[in-house]
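The following block contains the structure, expressed as structure tokens.
For clarity, chains are labelled A, B, C and D in written order, and residue numbers in each chain start from 1.
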Amino acid sequence: MKNTIGNSISVTLFGESHGKAIGAVIDGLAPGIEIDEEFISSQMEKRKGINAISTPRREKDEVKILSGVFENKTTGTPLCLMIENGDTKSKDYSKTRYLARPGHADYTAECKYGGYQDYRGGGHFSGRITAPLVAAGAIAISALRKKGIYIGTHILSCGEIKDRNFENIKEDIELLDSLEMPVLSEEKRNEMLSYIEKIGAEGDSTGGVLSTAVIGMPEGVGEPWFDTVEGMLAHALFSIPAVKGIEFGKGFEITKIPGSKANDPFRMENGKVVTSTNNNGGINGGITNGMPITFNLAVKPTPSIYKSQSTVDMEKKEDAVLEIKGRHDPAIIHRARVVVDSVTALVLCDLLTEKFGTDYLGR
Amino acid sequence: MKNTIGNSISVTLFGESHGKAIGAVIDGLAPGIEIDEEFISSQMEKRKGINAISTPRREKDEVKILSGVFENKTTGTPLCLMIENGDTKSKDYSKTRYLARPGHADYTAECKYGGYQDYRGGGHFSGRITAPLVAAGAIAISALRKKGIYIGTHILSCGEIKDRNFENIKEDIELLDSLEMPVLSEEKRNEMLSYIEKIGAEGDSTGGVLSTAVIGMPEGVGEPWFDTVEGMLAHALFSIPAVKGIEFGKGFEITKIPGSKANDPFRMENGKVVTSTNNNGGINGGITNGMPITFNLAVKPTPSIYKSQSTVDMEKKEDAVLEIKGRHDPAIIHRARVVVDSVTALVLCDLLTEKFGTDYLGR
Amino acid sequence: MKNTIGNSISVTLFGESHGKAIGAVIDGLAPGIEIDEEFISSQMEKRKGINAISTPRREKDEVKILSGVFENKTTGTPLCLMIENGDTKSKDYSKTRYLARPGHADYTAECKYGGYQDYRGGGHFSGRITAPLVAAGAIAISALRKKGIYIGTHILSCGEIKDRNFENIKEDIELLDSLEMPVLSEEKRNEMLSYIEKIGAEGDSTGGVLSTAVIGMPEGVGEPWFDTVEGMLAHALFSIPAVKGIEFGKGFEITKIPGSKANDPFRMENGKVVTSTNNNGGINGGITNGMPITFNLAVKPTPSIYKSQSTVDMEKKEDAVLEIKGRHDPAIIHRARVVVDSVTALVLCDLLTEKFGTDYLGR
Amino acid sequence: MKNTIGNSISVTLFGESHGKAIGAVIDGLAPGIEIDEEFISSQMEKRKGINAISTPRREKDEVKILSGVFENKTTGTPLCLMIENGDTKSKDYSKTRYLARPGHADYTAECKYGGYQDYRGGGHFSGRITAPLVAAGAIAISALRKKGIYIGTHILSCGEIKDRNFENIKEDIELLDSLEMPVLSEEKRNEMLSYIEKIGAEGDSTGGVLSTAVIGMPEGVGEPWFDTVEGMLAHALFSIPAVKGIEFGKGFEITKIPGSKANDPFRMENGKVVTSTNNNGGINGGITNGMPITFNLAVKPTPSIYKSQSTVDMEKKEDAVLEIKGRHDPAIIHRARVVVDSVTALVLCDLLTEKFGTDYLGR
């Protein structure tokens, strides 16, 4: 299936940037998961970004749960959540309709949908579609926390500025929960903010690397071929607009050290098997080993920039020049981190439900 | 589904390292695809590696096609291919049965399968299971070539040694086809071979980065959420043992350049829309744009090494020391490249069949 | 996946009888399918039934398309349609909450969802959930008609009253399109109406057999194992509340005739292969043969009746007596027929899209 | 997916009647299920039929388990079982290659596979492909019995001869286990045997109705839309060659009685909720209610008969006459019953695994 992810718990996204509404249907949720509306709102808020460096928030993004919840708990039937598009008066697209924005999906959408796509504001490809994903993810994150499973994501690097690594993951996740700008080091946080403002002032944009950690996942989850934990997470996470790479544990760096340093030796700790290092990011042979699951994501620079760009007119089939007006985000990494947490949570809920049965997360 | 990948064309892997046989079932292949047994054999040969730096080949790895082929062409029904395990006399596992090899799946298999797994030689987790995958992939590669789609993979780096990048992709793929050691630069090829021999002599191992390019893919293939081309490829490719990272196009490097450099500007070339650069690896918004699909894979060092390692005894629940005997591969990157081509081909066949219908690849 | 049907085109249903809204998400529709709102409305109208023998229609059942349609044509992205539940003031359920209505899903829902289900009005099990299914189906029916594929369903029998069989299927489908009470014979139509009124007056209910025919389906669609056309249709059609049996072609009667009479001999007709009889209902070996697809469905009597019934109190775990108040439909077969057409159309669209590719139905 | 059924436990069938081997891959089986080879053999034996009325058994049908079993227990990885086709010397097909056998899939295979199918002996459509299905099912049946779940199927009717209904289901299943000809009434058993012999002597064939009961299934299994227990079973069971209808509980007969008689009233019995009648076949709203699951299948007459039949030459596109030589089964219902039990068991294992998790059936 196309716009759906997951087997035991599945999520289907629908909607276009300038359509009537956007939303998600989550099927397979255990009955009895409590809906924490405040937490959903706080996650939605984090997705909106920071005034100084983000698009002014015109959208209220009020999440309406249409089904699957009764007396504030999931029923076990499909949960549809919807966000109405407040201001769908479209600007005049007549001039730019056929000018493919470089780095965006305008051209590939034209190829795939043959001109029938809703091109306004990126349509179904818009980053706006991550809003219902964050709402769905908030429910998954709540359910996981009840099981002692915590997820957090910080900006590991932005341009050339580098945050510190996770240290005490539990505490770091709490810190991240409290931050608008998810950088662990206060100094680097300010540096990154300045850098993003500066690049925005130049009419340009920047990407960065997001680093995620998950603690509390039981061992023995995942499959050898092909539903590895890495593969399941990667499949879902590459949907997040601008993600172009993923690495688990030490990732690409692991190729530069010998096996004797890369293998994570096992040892007993309080009667539990642990590894002394975690270069494999909590996963051996596609299956969780009980150590923290860690991965980094490469997020490319926001493709919408002020600088004029070469492109083509898709209708006239000729070269053209594009100047994008309006207010653009010079960076979206700080907003993307809740999307990453959300997608991660939904994938883990799927894996846990498959292993432990349909009621596991609810009761 | 667990040990299966693909929607319109699916591949299921079965078998254990020391069981009776290993194999694959491919369903959804168009009727009429020609089976090129010679090509299958040559791919199998490439997977076996190079005598100087690989495990001596005891296995004949003869591929038997049990079904789905008639008069040397696919019938359109499930194709089962099987490789009998020639020498399944197991060595004595009594001493090491419960010593989890670091970096391997012994511990996670124990967690997942509760002691019922076939632990001999890594069982279902063995790299040996990639043999039927390569055979299945050879059929897919043949079918794609008939459509003008070519895939090639070289070792971009091994340790600190770096190969040149793809230049003329078509010619480079032909060169790679002719090489046992898939390195584009002859000089670097020899350097890498020496490095691998040296690290093997030290009782250690190394990984590397594999770089893959696909040319000829039609534009408009893939889905925005969640079956992006990146996500579909990543899902499948993370099954290849030792793969810990994937990046498309410029990958993690793209996070360090501004949007104005990262966006690939479009232009017309011979009546066709192309991009001037290909930092996005041929994919925008999850969908092919007609440019080469490019990605890199991080392959960790082979976990089997001679050096003694700390571990645990899973039965006694106590710390232990492991020394692995036998002959190990100090590197598997040169062998893994045909596995990467195979998995890539199978995923692309799946996507093309979904878009263009069940007969597309055969007639 | 649970509340979803289909591979290449999938439909997910959401909603509860007394929740905020009910709806469906259809993914995989080709871009460019025209939305005929009038036809959708006329199908919704047919589902509501006939005043004389159906529940008074309080619900307006206005179908809102939230996504996937642009300038009145499908875009190819997920189409979400929603029907708001107008009057969700629930009656007082305190007395009957734990009294399982015989023949309904109250008890099984309690078992499955552990008390978390929305029990009001049958919740997610309510026949009301077929409303979005009919709206989704109307889009599928329109797309099929553009390809020359027509579907029609009549009441073959109600109690002991029997309609005539399909004769000229195309004309009969046109006749059925124009009828509120889908019975081909005018005489039998009136007899059935009287019978239903009579049984309703007795506080009881009746079921019947629905007979469906599809013309225009291309040959060669379906799979031998396990996605037979029979299996795919049956899988989906058993979701329609009250359906308890399905038979293709001559169905159960075929067990009473010898092979020499049951086999449908082939012959050439205007250069096309046809069969002289159609006892197999247009399907051989799970695959369409180009003849009309025909099947009958057994629809059980509406379980809601006025007569008092023995049951249990699920909370107190004791025997109880139930008297259901309110207005009930003494029969729903005449309403179910558009649901049958809808489900059939969605399944056939799925099969056609898989075979001929993602654009087949749109362009 | 095409030749695969099941979500949590999946079965893929491969092979052609005259190919090298036929087989099945079962994925998702819990680790630790004991393999009872004797039981597998006894089920295979039942599928072969009775000498007096069945094709002489040339095939040894030795089941080889290639993977997924270690020390006689399932490992939890894909179990591939294979049956080599002993005698694949094909007869001369030159005369009949293009003569479509009425009632068979020759014509639809030609349409679907465009001439590439293995036409010998029905190829992938052959009833022979049910052999690995029976072997796979035997493992599932064993696992279910460990959980107290029993399945049995008898011939309810053959031509006009009718067996008695199930009475004490547990005892009747034991009786059926011991019978070559699965008819509960001894008298009717002999009548049916004589009838089949007679119709065979006439060069003709007969079908019949199979009646299945399952006891011990826990309540609360299945989904409302679309993975109802009825839908899941029907989907799989329609793959069995010659099955043209399925009805649950009272089936088509339920359309003739009023709701007050059709609804199964609930009552308490030894602290458990039961129904006084079981017209709904143990399923309400698509979900098991703890009562026996009961259904009937319409099996059409074996299409292979001696009598000459009208058909077409698919190559020359002209009318033709077909006379089928060789030995044919005048009936296959007595052989089909183990196939029905097998398919039913596999579907139930799938549903149970989904609900209770991946280890449920093994430990």
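Rule of thumb we're sticking to: a contact is a pair of C-beta atoms (placed from the backbone, for glycine too) under 8 Å apart; a residue touches a chain by one contact, two chains touch by 3 or more.
In this text the structure is predicted, and so the values were computed from the model without any measurement.
Of all residue numbers seen at the subunit A-subunit C contact, over half occur in both copies; the interface is built from largely matching residues. Chain pairs A-D and C-D differ in how many C-beta pairs are in contact, and the one with more is C-D.
Placing every chain at the mean of its C-alpha atoms, the farthest one from subunit C is found to be B. Subunit C and subunit D have Cα centroids separated by 27 Å. As a whole-number value, the distance joining the C-alpha centres of subunit A and subunit C reads 38 Å. Per-chain CA centroids place subunit A at a distance of 46 Å from subunit D. Residue positions 1-4, 7, 13, 77, 112, 124, 224, 359 of subunit D are each in touch with at least two other chains. Residues of subunit D touching subunit C in their complex: 1-5, 7, 11, 13, 100, 102-105, 107-109, 111-112, 124-125, 129, 157-160, 199, 202, 204-209, 219-228, 230-232, 234-239, 241, 243-252, 254-260, 262-268, 271, 273, 275-276, 279-281, 283-290, 296, 298-305, 307, 309-312, 314, 317-319. Partner subunit A is touched in their complex by these residues of subunit D: 7-8, 77, 224, 354-360. Contact residues on subunit D toward subunit B in their complex (touch as defined above): 1-4, 7, 10, 12-16, 19-23, 25, 27-28, 31-32, 64-68, 70, 73-80, 82, 112-118, 123-124, 359, 362-363.
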